[in-house]
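Supplied in structure tokens, the structure appears directly below.
Each chain gets a letter, A, B, C, D and E, in the order it is written, and its residues are counted from 1.
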Amino acid sequence: MNAAVSAAENTGFDIDIELRRGDARSGFRRAFAIRSEHRVIAVVGDSGAGKTSLLHAIAGLLRPVRGRIVVAGETLFDRERRIDLPAHRRRIGYVFQDARLFPHLDVRANLLYGLRGAGARERRFELDAIVELLGIGHLLARGTAGLSGGEMQRVALGRALLSQPRILLLDEPLSMLDMNRRDELLPYLQRVREESGLPMIYVSHYPEEVRRIAEDVHRIG
Amino acid sequence: MNAAVSAAENTGFDIDIELRRGDARSGFRRAFAIRSEHRVIAVVGDSGAGKTSLLHAIAGLLRPVRGRIVVAGETLFDRERRIDLPAHRRRIGYVFQDARLFPHLDVRANLLYGLRGAGARERRFELDAIVELLGIGHLLARGTAGLSGGEMQRVALGRALLSQPRILLLDEPLSMLDMNRRDELLPYLQRVREESGLPMIYVSHYPEEVRRIAEDVHRIG
Amino acid sequence: MNEGFAGFSAAELTAIALSLKVAAAATVCSLPFGVAVGWLLARTRFPGKLLVDTLMYLPLVLPPVVTGYALLLGFSAQGPIGRVLSEHFGIVFAFRWTGAALASAIMGFPLMVRAIRLSIEAVDRRLEQAAATLGANPWRVFFGVTLPLAWPGLLAGAVLCFAKALGEFGATITFVSNIAGETQTLSSAIWGLMQTPGAESGVLRLALVAVALSFAAVFASEWLVQRQRAGTQR
Amino acid sequence: MNEGFAGFSAAELTAIALSLKVAAAATVCSLPFGVAVGWLLARTRFPGKLLVDTLMYLPLVLPPVVTGYALLLGFSAQGPIGRVLSEHFGIVFAFRWTGAALASAIMGFPLMVRAIRLSIEAVDRRLEQAAATLGANPWRVFFGVTLPLAWPGLLAGAVLCFAKALGEFGATITFVSNIAGETQTLSSAIWGLMQTPGAESGVLRLALVAVALSFAAVFASEWLVQRQRAGTQR
Amino acid sequence: APAQDKNTQPLTVFAAASLKESLDEAAAAYQQQTGQSVRASYAASSALARQIEQGAPADLFFSADLDWMDYLQQRRLLVDASRRNVLGNTLVLIAPKDSQAKPLALKPGTDLRPLLGEGRLALALTASVPAGKYARAALEKLGVWPQLQPRVAEGENVRAALMLVARGEAPLGVVYGSDAQAEPKVRVLATFPADTHAPIVYPVAVVKASRHPGAAAFAQWLRGKQAAAIFRRHGFAPLP
């Protein structure tokens, strides 16, 4: 890892970027400034405000036109210092708004995809435990094509956790789950938050959900 | 339209089907029986219970292995009487859980796709009004690729309404919308419910949403 | 022989023009069939499908002369198909440029169908379902959703067929001969020069023309694909 | 000549076996290049891309004899590339079956690349992004996500190349001649029979062999596609 | 007048590919002399014969091969009386221009292997193409075919064999005398004695289905003095 460690702050987020999508005239262009001491923050904002775009930038999938992204003391991106860690080296667990499961792999192989890359270092999440928690044991041998909306979301969440990330980005991870499942998962996410010590960004439209998980809420847009 | 009209009941739902997905051994198989005098009903149930499968069957996208589907007095499917109206003749406005926008068309053309098929008969929903209501005027000339999750959901809803359906099927249509937008759309859906007189099935995980829109709640699974 | 133009003899210019006509006709006329067969193979199951699939590859698998000979037997004035076509529809392939176009179309058909089929198979059926719920009948679904989404494959298939038609020679010369001004295409002319010792520079000159024509075709197809893509990514 | 088998002469059996070897070698050896070029054309932009794209179509656009002649100029014992290859790597193409395989591979290359490119273009890049966030480096993304998803195009490209290799004759015979047991493929044998009055039944017999071989190839590819598809739709 | 019309219609000659340069020249001369235009279709004799069988619009067939001419005649598709052997040719052993090989006399048992070295003997397909069939017959007659057979490289046609020698890919080749004369990059080492192979003959005949009044006249002219001069210049041996 050739990311420079900023001595100043070793937890929290220091994000100050400007994003652009589409062409200059009619496209989307917005600056984001999120500075927080907290380890787990929520990002809320209207539909189209740029929440997903922000997460993409942090994950290394969208290059900001200027600014920098520092998470937990590690500089992921800094335009001026010409730092731009490629996505696969950022070790970010990203639960996409659209699950993005691999259609050529079954559920088990989807879950294990990131595990293989992660190696044995700091294994925090184990397959059996995750499968149990998300209630997807009966799906393991299935392909992804017939999964229901909520099932896809759970597999995507499991896959992200199993890649043993150092940062978690969650883009409406529970939006398709029923209340029971949601009530089961939220405490687990709270436990992940406590025990893993991972920085997390949580995007959701539900104030109640946000309040239960995040220490700090940022509204954008 | 060659659908037989059952004299007995001219509003409400009379659904009694058995659905199967995947192979016989490990696949999904479940019977659904929904009988309701009400015009607007909600279907709730755990993730994977079969809510989406049920809507697919009503829309003509999934053929039940047995049973019948009667909505507002019209028999859409009856295994025994060998009635199986093809999907494009059921005139159903279906807002899919995964928006399914046409990637080769811009937003305006997506919205108009169903309108062209509907002809001029009973035009209940007009482009301008829908665009205004859903707040998607600035997106009309855009392609669908860059749309945010909530934007896609709104376009999908608009497209379904503009196809001038006789039945509305909504599969978590507001799950990706923020509270403000949701609070704006729910009253509109209530108004659609009142003024259009259309039968509606509403799938959602949010009890509060469901209570505001449906006259009758069916739990499945 | 008349005067030529830009260093090409009149006969060569005739061959070039003929090749263009033949390749364009072969591509345009086989496209509807290519789309139909591509769709059938991509989206339907029927008994004997594997056989149809294999037979389609025949023009690729057999030496072109054999295909040309089969066409000669079937479509000549005496041939069973040729006789019916000419008596009832006034369509004559034998020893006409139309025959060259037919031969090229047949030779290019496997390439065209493969590309179209691949693209149709890649179209997300959930979008076709969505179109159906919006009231589109199967035809509208096909022409409004499936085909536009398979556009890159359609263009690729057309370019492959066009290019093949430019280069096709064995089946053509066997079927409709190599008559100057009527069935002598660019490829036949190049082949003729290859039979002539010391004519390498002539071969090169005509080969460059073929390259230029195919460049135009590739360029046009890339442009058409880009245009559609740009339209959807605004 | 020795005894034959099943009505085929020993020479014919040799030609059939050789054709299989040549077609298999052409397909297997060109596949990595086909994938590389298909990926470059599908996923990158570079100056001169349109030119590369056009040049790839050359073997399709030119009569096969011209391609064979160009190969002869480049890869023969005297040719600049052929000399280097044989002196430094001991690889000889001239008058060898390897030359027949090279000619077939070149002739089939445009078909293979087109199919692979189409399939790679159809792969959803969002899945590649997801793989990257899961820690997969570009190589793992390519081999673990892109390539498996482009599987149908890969197989289609391989079958097209194999079929073309079976039918290829003009470039092969021009480049490596027709040497019994070394470069006389099924297609050369069929072509030879076509030159002989009254040998039509022999042509038909050998053509049926070619059809059977291509049937096997088509069948195998369909089976492989189905198998993958079944695996993902459980 | 209708006769005039017929005259302005071009005569169509289906001719063996190896006749291209000489026949193009002869046709031009004929048109200048008589006003009758001639167009040709050059391809393999086999393809042309099959096309004529299927009703091709050919007025004359000019074959490199007696077999295919016989094939059509047996099927009563030719005007028998019009059939003439127009040209003869020789069969020669060639080497690349800059080869060290010296001219030699071909006698029974002449061992060509030392001249071949590691290389191959280029000729046309011995099983099917006329030039190849003549070459094989000649080498068999000389008794050297068994030793040479494993060393031959058979081209699609005689011009392919010529090209291999001209390019130096093959140290020796067997082609027609006319081909050797047309290609400056090769040298003739020896001419096969006429008695080692059947006479090499290019026959011409009027196609029975032809309705062109000038067909017979052109067939006749091809055997005349003016045509003979042209063919001779291209290395053929016009037959009396």
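Methods note: a contact is a pair of C-beta atoms (placed from the backbone, for glycine too) under 8 Å apart; a residue touches a chain by one contact, two chains touch by 3 or more.
Predicted model, so just to flag it, every value in this text is computed and none were measured.
Setting subunit D aside while the other chains stay in place, the touching chains still form one piece.
With steps allowed only between chains in touch, the distance from subunit A over to subunit E comes to 2. Comparing the CA-atom centres of all chains against that of subunit D, the greatest distance is found for B.
The chain with its Cα centroid farthest from the Cα centroid of subunit C is A. Just count the C-beta contacts per chain pair and the biggest one is C-D.
Here the spacing of subunit A and subunit C, counted between their Cα centres, is 50 Å. Each chain gets a centre from the mean of its Cα atoms; for subunit A and subunit D, those two points are 45 Å apart. Subunit D and subunit E have CA centres that are 35 Å apart.
A straight line joining the Cα centres of subunit A and subunit B is 31 Å long. Contact with two or more other chains is made by residues 22, 26, 98, 141-142, 146 of subunit A. Residues of subunit D found to touch two or more other chains are 65, 69, 170, 191, 194, 234. Residues of subunit E in contact with at least two other chains: 163. The touching residues of subunit A, when paired with subunit B in their complex, are 21-22, 26, 28, 44-48, 51-52, 97-98, 141-142, 146, 148-151, 154, 171-172, 175-182, 205-207. Interface residues of subunit D, counted against subunit C in their complex, comprise 50-51, 53-54, 57-66, 69, 110-111, 114-115, 117-119, 121-122, 152-153, 156, 159-160, 163-164, 166-167, 169-170, 187, 190-191, 194, 203, 207, 210-211, 213-215, 218-219, 222. Across the complex, subunit B meets subunit C through its residues 59-61, 86-94, 96, 98, 100, 102-106, 113-114, 117-118, 141-146, 159-160, 163. Residue ranges of subunit D in contact with subunit E, taken from their complex: 65, 69, 72-73, 76-78, 94-95, 170, 173-174, 176-179, 191-198. Across the complex, subunit A is touched by residues 126-127, 129-138, 140-141, 144-145, 148-149, 151, 228, 231-234 of subunit D.
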